[in-house]
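What follows is a pair of complexes built around subunit A, which joins subunit B in one and subunit C in the other.
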Partner chain A sequence: MRLILLAALLTAFIAAISAGAVKIDLFNMSEIERNIFLDVRLPRVVLAGLVGAALALSGVLFQYVMKNPLADSFTTGVSASSAMGAVIAIMLGLMPYIPLFALAGGLAGLCLVSRIASHRGRIQPITMLLAGIVLSTFASATISFMKFLSDDAVSSIIFWLMGGFQAATASKDMILFAVICLSFLMIRDDYLKLDILCFDDTTASSTGVDVNRLRKKLFFAAALLTAFSVGYAGIIGFVGLIIPHILRLGNFVKASYLLPASLIGGAAFMIATDLIARTILQEGQELPVGVITSSIGGVFFLYLLIKRRKELFYFN
Partner chain B sequence: MIPKRKLKKEKKGAGRLVRTLFLGITLCLMFFSPALAYEKIVVLYPAVSPILIELGALDMIVGTTRSDHAVKGVVKVGSHLRPNIELLNALAPDLIIAGSRRAFPYEMKERVKADIFYYDPATLDDILVKIKKIGAMLERKDKAENLVARLKKRLSEISSLPRQPSVIYEVMAEPLRVAGKKSILTSIISAAGGNNLVSINKKHAVISTEKVLKLTPDFYVYQVGPMNKNPVPPEERPFYKSLKSKFIRINELEFARPGINAFDAAVKLNIIFKGAAHE
Partner chain C sequence: MVAVLGNNGSGKSTFLNVLSGQMDFTGDYRVGNRKFQEISQQECARRIGFLPQEAALNMPFDAFYVVLTGRFIHSDGRMYSEQDVIYTEKAMKTFDVFHLKDRLFNALSGGEKQRVLLARVMNMDTDIFLLDEPFSGIDILHQIKVVDIFKRLQREKIIMVVIHDLSFAIHHFSRFLFFREGLLLYDMGRNELDPEKLSDIFGVRVGFVEQNKRMFVYTEEI
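Up next, the complex of A and B:
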C-alpha cells in the first residue's frame, strides 16, 4: 500500500512537471522553456505538494486532538482566522506580507481556541470544537464585512481566498518544507501515544500519557502547518478531511503508518488537483484549486455516505 | 322647429371646430410644452460623473456611490454593487445611471421608480456613443457633441509607432488576473498603438504565469489601485526574473475606469510606447 502511495506521488509529480499552460519538451528545452520550467512550474508543483502534505497532516493531527474524524483546519477555526489575517493584509494593501498576516491570524486563532477550551490547564475536545466553529463563523463574518467595506478590492479578496499556487517561489518551498519537517519532528516520537489517545482520556492517562500536553503539542503543530499553508496558497478545503479518511479505508490506522502516509497522500492529491486546475481551461487560464479540491471532496463524501449508509444504519 | 338640413350643417361645423381645436392643442403641446428632461440623477458608476460635469449637469446629480470622489456634497447611496434602495427612493431620482445589468438587476429596477440607463462601454468608441446618448437624454446634445469632438481631438494626439508593441496588462497580481479582449483596457492599448496579447474573450482572466513568460510581451503594464493594492513589482517577483519585458506601473483609477480618463490614458500609454521605441 505504501508503494502504491509513493507510485501515485511520483506519477502525479511527473505528470505535473510535464504538463501546463505551455507545452515543454523536458529533454529539449529552449531558453524560455527552461526559465518557465525552473522559475514557474517546478516551484509551483513542489509548493502544491508541500501544501497538500501540510494540510493532510494537520487534518490528521486535528482529528487526534478533537477525537473527531470530521475535525480539520476549518472546524477548528484556524483556517478561517488565518484567512482573516490574510484579508486584513489585502485590505491594507500589504500584499507582500500576506503570509505573515495569515500566520499571525492563525496563531491568534490557535491561542483563542486553546484558551477558551482549557479548564484548569486541561483541553476539552468538545469545547475546542465548539470554540473552533464559533471562531470560524466570526472570522467568516469579519471577512464578509471587510469585503463589504472594500468594494473595489472585493474580487482580489475572493480570488485569493479560492486558493492557488501561482505565486510559488523556491524560498516559499523551502520555508514550508522546514515547517513540515519541524512539525513532523515534534510528533515523531509520539506515534504510540497517538494510538493510545484514540481510547478515552482516562485510559490514555493511566498508561502514562500526558494527554493535555500531547493535545497542546498536536494542536500547535497542526495550527502552524495550516497557517503557513493558508498564507502561501489561500483556503483550500477538504484535503485535511478526505486524505486521512481515504487512508483509513486503506488500512492505514496506526499513527506510525497514517501520519507519513498522510504526507505522501496529501502531496499526491494536491499536485494532481493543481494540475487539473491549470490545464483544464484553454489559453493559459486557470481555475482556483480550492474549487477542484472542494468539488472532489464533496463528491467523495457523498460516495462515502451512500456506500456506508447501510452499515451506519445498523451501527446506530 | 329647426329644419333638418340646418341641424346637419350645424353638427358638421361643430365637428370641424372640435377637430381644429384638437389639432391646435396637439401642436401647442408639441412645440411649446416644457421639456421632459431629467432633473434628478443618481450615478452608480463613478466613471459617469466626470461626463455629467462636462455636460454641465453637476447640479442634477443628487446621489453617487461612496467611491465616487468627483462629486462632493451629495448623498452617498452605498456601493455600486449594493446601493441602498431606501436612500434611492428617498432621493426620488428620475434617472439612475448604473454600470451594468449585473450590477443593477431587474429585481432592483422594479423597486425604484426611475428610468435606468446602463453605462457599460467596452471600447473608446462605445464611450463616445454613450456620451452622445446621455447628452440627448439630458437635452444637452451640443455639449455632448463638443465633448465628443474634444475627446476625438485628444486621440488625434496619438502618434504612430515604428512597430506595434505587444502588451500584457496586469489587473491583479495575486492571483494573476489580466485584461482580456472585452476589457476597455484592450481598446486603450489598441488606441495607443499597442496590441494586447491576451485574446481571451472576457474582461479579466486568471492566467498562468507560464503563459506570460511564453508570450514575452514588450510591455508588462501593471496597475496599482483598489484592485491591485501595493503589489510586489513584477521585476522583483522570482518567477518573472527571466521576463525581458519593460515593466510599466500605472494608476488604476486613470486607466481602468471607462470614462473621459480613458482617452488621456491612451495618449499617456502612447507616449510611454514612443519613449521606449526611441531608447
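Up next, the complex of A and C:
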C-alpha cells in the first residue's frame, strides 16, 4: 500500500512538472524554458506537494486530539483565524510576513477555542467543534469587514483567499519543508501514544499516557502546519478531511502508518489537483485550486454524513 | 480479592476512579507506603491496572492490537517488543479471546469486547487491578472462567471488583466493601456478612439459604 502511495506521488509529480501553459521538453530546454521551469513550475509543484502534506498531517492531528473524523484545520476555525492574521498582514502591506501573522492568528484562535473547550483541564471535543464554528464565522466576518475598509488591497485579498500556488518561490518551499520536518519530529516518537489516545480518556490516561500534555503538543504542531500552509497558499479546504479518511478506509489505521501515509497522500492529491487547476482551462487560464478541493470536499463531506453515519457515531 | 457492592449511584465507581488516579480527592491515600500524590502518572500505570466501566475506541483497531496497547507502560514508548507480543498472546488465550485476534474490536459483541478489555488490563501486569463491573455482558461460562483467573492471581495481586451479583460475589470473594449514598458503610469478611445489614444496604429483603454446604442468596421487595 505504501508503494502505491509513493508511486501515485511520483506519477503526479512527473505529470505536474511536464505539463503546463508553456510546453517544455524536459530533456532539451532553451534558456527561457529553463527559467520558466526552475523559477515558476518546479517551485509551484513542490509548494503544492508540501501544502498538501502539511494540511493532511494537520488534519490527522486535529482528528486525534478531538476524537472526531470531522475535525480538521477548517472545522476547528484555525484556518479561518490564520487567514484573518494573513489578511491583516496584506492590509498593512507586510507581504513577506504573511506566514508569521497567520501563525499568530492561528495560535490565538486555537488558544481561544481550547480555552473555551477546556473544562477542569480537559478538552471537550464537542464544545471545541462548536467553538471552532463560531470562530470561523467571526473570522470570516472580520475578513469581509477588512475587505470593505480597504479599497486598494481588496483584489489581492480576494485572490489570496481563493487559495493557490501561483506565488510559489524556492525559499517558501524550503521554509515550509522545514516546518513540516519540525512538526513531524515533534510527534514521531509518539505513535504508540497516538494510538492509545483513540481510546476514551480514562483508559488512555490509566494506560500511562499523559493525555493533556500530548494534546497540547499535537495542537501546536497542527496549528504550525496550518498557519504556514494558509500563509503561503491561502485557504484550501477539506484536504485534511479527505486524505486521512481515505487512508483509514485503505487500512492505514495505526499512527505509525497513518501519519507518514497522510504526508505522501496529501502531497500526491494536492499536486494532482493543482495540475488540473492550471491545465483544465484553455489558453493558460487558471482555476483557483481551492475551488476544486472545496467542491470535491463538499461532496465528500456529504458522503460522510449520509453513508458513514455509523462510523461517525463510533467516533463519539 | 475484594468485591465492591452497593446500589447505583452509591459511589462505587467514584471510589475506583479515585483509587486509580483518575479523579482528584482530598484525604490520605497511600500506595506501598507512599502518598499517592507523589506517584507519577507513569508509575501509577505501572502499579495499578484500571478497567473503567465504559471504554470506547474510535479507531478501527483489531482485537489483538487493543490488547497489545496494554503493554505500553512496559514498552520503550516507540515500539512494542517481541516480549510484548508474547505477553499479549498469552493474555488473550487466558481470557479465551485469542480466536478473535484479527476481528475489529468495534465489531465484537458486548461480552467479547469486555473479555478483550479484561485481557488488555491483565496485560498491564500490575500488582493492583481495579475493575469496574468486569462481568457486565459476559456469559455465565466465561464469568466463571474469569473469576477462576482472578483466584489464581490473588496470591500475588490485589484485585478489586465492582459487582452486582450478590450470590456470585459471596461465593467467590472473601472481602466486601459496601457503599450506600456515597459512603463506605461496611468493610467485611465473608463470615461477618449478615442478612439484616445487607437488607439495609440494598433496600431489599436479603435472605441466605444454605444447600450442599454452599450459600445462596435470595432477594425480594420489602
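Just so it is clear, the second predicted complex is superposed on the first by the 292 of 316 C-alpha atoms of A that agree within 3 Å, B and C clash if a C-alpha of one lies under 4 Å from a C-alpha of the other, contacts with A are read in each partner's own complex, and residues count from 1 in each chain.
We adopt the following convention: contacts are C-beta pairs under 8 Å (C-beta built on N, C-alpha and C of every residue); 3 or more make two chains touch, one makes a residue touch a chain.
Owing to the predicted nature of the structure, the values given are computational and were not obtained by experimental measurement.
Asks: Record, for the superposition on subunit A, whether partners subunit B and subunit C clash or fit.
Replies: On the shared subunit A, the partners fit.
Asks: On subunit A, which partner's contacts cover more residues, subunit B's or subunit C's?
Replies: With both complexes superposed on chain A, more residues of subunit A are touched by B.
Asks: What is the value, to the nearest 10 degrees, of the angle subtended at the Cα centroid of subunit A by the Cα centroids of subunit B and subunit C?
Replies: In the superposed model, the angle at subunit A is 150 degrees.
Asks: Does subunit B (first) or subunit C (second) touch A:L94, or do both, or does neither?
Replies: First partner only, subunit B.
Asks: Which of the two partners, first being subunit B and second being subunit C, lies in contact with A:F27: first, second, both, or neither?
Replies: In the superposition, A:F27 touches no partner, neither subunit B nor subunit C.
Asks: Looking at A:Q285, would you say it contacts subunit B, subunit C, both, or neither? Reply first, second, both or neither.
Replies: A:Q285 sits against subunit B, while subunit C stays out of touch.
Asks: Check the residue A:T202 against both partner chains and state whether it touches subunit B (first), subunit C (second), both, or neither.
Replies: Only subunit C; A:T202 stays clear of subunit B.
Asks: After lining up the shared chain so the two structures overlap, which partner does A:K67 touch, if you call subunit B first and subunit C second: first, second, both or neither?
Replies: second
Asks: Aligned on chain A, what is the least Cα gap between subunit B and subunit C? Give it in whole Å.
Replies: 40
Asks: Show which residues of subunit A lie in contact with subunit C when the two form their complex.
Replies: Listed in rising order, the residues of subunit A that touch subunit C are 67-68, 189, 191-193, 195-196, 198-200, 202-203, 205-210, 248, 253-254, 314-316.
Asks: Any idea which subunit B residues touch subunit A in the complex?
Replies: Interface residues on subunit B, with respect to subunit A: 66-67, 79-82, 172-177, 198-200, 205-211, 213-214, 216, 225-232, 237-242.
Asks: Can you list the residues on subunit A that touch subunit B in the complex?
Replies: Listed in rising order, the residues of subunit A that touch subunit B are 20-22, 31-32, 35-36, 39-41, 43, 90-96, 98, 148, 150-156, 159-160, 162, 164, 166-171, 278, 283-288.
Asks: Under the definition above, what is the set of subunit C residues touching subunit A in their complex?
Replies: 17, 20-22, 41-42, 44-46, 48-50, 52, 54-61, 65, 69-70, 72-73, 75, 77-80, 106, 124
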